[in-house]
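A, B, C, D, E and F label the chains in the order they appear, each numbered from 1.
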Amino acid sequence: MFTTENLILRGFQDNDLGEILALRNDPLVQRTQTFSAIAPAPSSKYKEYMKTFAEGSALWFSLVHKESLNFIGFCCINLLEAKNRDARLGITIASEFWGKGYGTEATRFTVNHAFRYFGLQRISLDVTEGNARARAVYAKLGFKVEGIKRRGNWVDGHWEDIIYMGVLDDEWTEMYPEH
Amino acid sequence: MFTTENLILRGFQDNDLGEILALRNDPLVQRTQTFSAIAPAPSSKYKEYMKTFAEGSALWFSLVHKESLNFIGFCCINLLEAKNRDARLGITIASEFWGKGYGTEATRFTVNHAFRYFGLQRISLDVTEGNARARAVYAKLGFKVEGIKRRGNWVDGHWEDIIYMGVLDDEWTEMYPEH
Amino acid sequence: MFTTENLILRGFQDNDLGEILALRNDPLVQRTQTFSAIAPAPSSKYKEYMKTFAEGSALWFSLVHKESLNFIGFCCINLLEAKNRDARLGITIASEFWGKGYGTEATRFTVNHAFRYFGLQRISLDVTEGNARARAVYAKLGFKVEGIKRRGNWVDGHWEDIIYMGVLDDEWTEMYPEH
Amino acid sequence: MFTTENLILRGFQDNDLGEILALRNDPLVQRTQTFSAIAPAPSSKYKEYMKTFAEGSALWFSLVHKESLNFIGFCCINLLEAKNRDARLGITIASEFWGKGYGTEATRFTVNHAFRYFGLQRISLDVTEGNARARAVYAKLGFKVEGIKRRGNWVDGHWEDIIYMGVLDDEWTEMYPEH
Amino acid sequence: MFTTENLILRGFQDNDLGEILALRNDPLVQRTQTFSAIAPAPSSKYKEYMKTFAEGSALWFSLVHKESLNFIGFCCINLLEAKNRDARLGITIASEFWGKGYGTEATRFTVNHAFRYFGLQRISLDVTEGNARARAVYAKLGFKVEGIKRRGNWVDGHWEDIIYMGVLDDEWTEMYPEH
Amino acid sequence: MFTTENLILRGFQDNDLGEILALRNDPLVQRTQTFSAIAPAPSSKYKEYMKTFAEGSALWFSLVHKESLNFIGFCCINLLEAKNRDARLGITIASEFWGKGYGTEATRFTVNHAFRYFGLQRISLDVTEGNARARAVYAKLGFKVEGIKRRGNWVDGHWEDIIYMGVLDDEWTEMYPEH
């Protein structure tokens, strides 16, 4: 269990699944996920899927709000082909906790931890054009835009792009030398 | 069954698997594949994997050389999230048939066919920095570089980038109005 | 059930699993484990794993603090190839109980018991370079350094070695003739 | 498929299993394997085990003698914990092909390939004290003795040690700069 | 339900399992059991094992102390090959109830009952050399030593023998004509 | 694969099962087996049972007659509780090959091999009173009678005893110093 200024970052517990499902069924949250359509998830099937996903992540943090002890989301790292020492970052925060810097706080801690303990040389993510909040967080932390998948996502009656972002270990170390 | 100038493009047959395995075990061919390390594949396990993959592709062409009737490779289209009308292109040609334009010929036919018959709005692919031949083919046909995954691939003792490419249906139509 | 000066050493009980998970999720404790990255464990999956592991150990002691009756960790012996009469020792103590000699007390009792009742001729363990406390305990009890796996472990942003240690039955008997 | 001076190194094929079983049942060969007792293996069970093992190896080379086209053994690399970029090397050669340098030839190629294509930072192996031939091969190629597990193996009515060896990527590069 | 002077002998109940586990984890009791090493048993796994064992015994008596109504142990008969009309006797008594003749009382009743109701022609048991108390009980009741398995048991740092004992139905009838 | 003067001793193969079943269904052979009644075995069930048994044996030799290459039986070693370093020997020879010393030859080789390669300190077996031939073989090789289970076996309308035999590693070494 780890803590940052406002958050407790702890391991996955089966009883997080109810809140993970609630997150998923919030259209504001779904809008920020890249690929699938906005639609409520069938509950038990989705919970099984997420249990397998969380248990299979190299690093999964359930995010708990220090002050209220509310579960507010999760942040995770999934390894890609081992030889490439590359991983995918994912983060989801409940919409009622947006705008308070918690996403930045959790992402910074998680990326830092992944570089220090998993020996990665890069961390990758995809984010939709319409998710301006997340793009700002990733850019502020030092992720670089590596590409634009044109018309990669159909949402809300229009096309938008998908942005590829990534950060290398030496870039991270230079930005956060104390890490 | 379809034909182009030099090729017959037909459906997958189980007895293609011996030649698909031979392709896979050619280090020159493997070098062009993005993610996995260069290593010979275990025969029956790889054949099972490729049978499932080929049968699950939206569009699979086994490529046969018209003149010699040799199996020379395959070209396939795999659908991504349906609502995004996006798909991934893959092509593999036996190294002894490189440099004769067959890759270009097969790719052009396949992309054209995919736009006309599958209602796609874009086709995507990844290619390694070191695979100059393939990058030239895709560029010539009109695929645009959409991004660069820095240090995305470890091969032959060094890092190289992975190039993201894509082409949109209206771009294709403009280039190949007759299509 | 056995006792030493400060500890009760008893068999595994299913309801130890909550405390075993808590141990695992303490980064100070994880840092002392050789191979896996420091990351909180998914709760139910880890509990299943540890139940199977504990039940499959030739000798498992849940360590209970005599005075407070707190569960403070475990010490176990896992047999290797029978003909070699060799086994692996593992011990984990909650960080709030470090520095009081309990690890030494439990290890000494367990090794002694394993030699007397399991007919072993050697007991083996691995310990990371960075785990100075454990290395000191093992050395004090008479384990000999048998080797150094150079750069065997990536942790906290750097490489460290893994130390191989072992003790033979006749060495043990000579050191602890009364055993 | 790869070749060295005298050998073809190709992927695993199911029909190698008959010859892999024959290798295993040669007591001279078994004597060189570290842990299990010398005993003939039950045929179908052992073949199933080896099929799973070979298919699960990151790198498996079935070794074929160029001149006679005989299957003469195998050489393989099995990845350990990903973050440590460490792997275990295994090699087995039919006893009638010993003493011709084929083990050296295959090991050198395999280690070289593993460093170049799998991004490893070390390669590890265990060898018994009694297997002087293999120890000489590994030492000649540049593996360093990293430790000695005293009385680690019971064989032929006596105890012998198990030798831990390893080589680091920078050591390899310095020895084989052209690699 | 049966009674003897000091004991109630009743059938197995699931809630005996807690006390059967406690028995098993008493090192004094374990020392009297022939084959396995002295080590505390994992609780739920051992309970499942003993439930299956008790339910599969031809004759199982949970032994209850008449006066205090405490569960003090069990005595059981397990049939061997039916045609041989032979069975194995087992008995375990909590160490705090040793030395009061309860083992003799329970064994005599059980053996008698087994001959009368199960049509056996002999009853067999094994006992370790070090378990002098039990050997005396069996001898007093009329079991004959039938053999000595030399160095059959490793315990407490030394070898000891295992004693084979048995009694025939006609021997029993002669000793206990009223039975 | 090993050889003795007249025999090849090789590992278990699935296609031995037909001959193992034929052996079992020979009443002369069954008569020599200790416990079960003389009755033909149901073929596929018995084959499955023997496949599991053979594959689970620490050491299994299918015995092949060097001259005729006939399968003539098997000889096997099954480990008991590891800490006791004790094992059970079993041997079965087709009745048409009795009286030629093959049982002695196979047993001697197998016992010798088991002591040298499995680190055992004793080898145990049971033999029926009526099986004079086998008792003579075991006695000649140095097995000692350790006990007599009186009326242990019902066969052919009468009771006979079961003889417990065993040999210790130091006894064996003294008799066969060159082993």
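Note that contacts are C-beta pairs under 8 Å (C-beta built on N, C-alpha and C of every residue); 3 or more make two chains touch, one makes a residue touch a chain.
All figures in this text were calculated on a predicted structure; none of them were measured in a lab.
Trainee: Which chains does chain A share as contact partners with chain D?
Mentor: A chain counts here if it touches both chain A and chain D, which gives B, C.
Trainee: How short can a path of touching chains from chain B to chain E be, counted in steps?
Mentor: 3
Trainee: Call it same or different for chain A and chain B: same when shared residue numbers make up over half of all numbers used at their interface.
Mentor: On the two sides of the chain B and chain A interface, the residue numbers are mostly the same, over half being shared.
Trainee: As a quick test, compute the distance in whole Å between the mean CA positions of chain B and chain F.
Mentor: Each chain's C-alpha centroid was found; their separation is 61 Å.
Trainee: Starting from the mean Cα coordinates of chain D and chain F, work out the distance between those two points in Å.
Mentor: Their C-alpha centroids are separated by 36 Å.
Trainee: Between chain C and chain D, what distance separates the C-alpha centroids? Give it in angstrom.
Mentor: 31
Trainee: In chain D, which residues are in touch with two or more of the other chains?
Mentor: 37, 83-85, 117-119, 154
Trainee: Looking at the whole structure, which two-chain pairs count as touching?
Mentor: A-B, A-C, A-D, B-D, C-D, C-E, C-F, D-F, E-F
Trainee: Of all residues in chain D, which touch chain C in the complex?
Mentor: Chain D reaches chain C through residues 35-37, 80-81, 83-86, 121-122, 124, 144, 146-154, 159, 164, 166, 168.
Trainee: In their complex, what parts of chain D are in touch with chain B?
Mentor: Of all residues in chain D, those touching chain B are 1-2, 9-14, 54-55, 58-61, 113, 115-119, 179.
Trainee: Where on chain D does chain A make contact in their complex?
Mentor: Residues 79, 82-85, 117-119 of chain D touch chain A in their complex.
Trainee: Within the complex, which stretch of chain E touches chain C?
Mentor: 25-27, 37-46, 154-157
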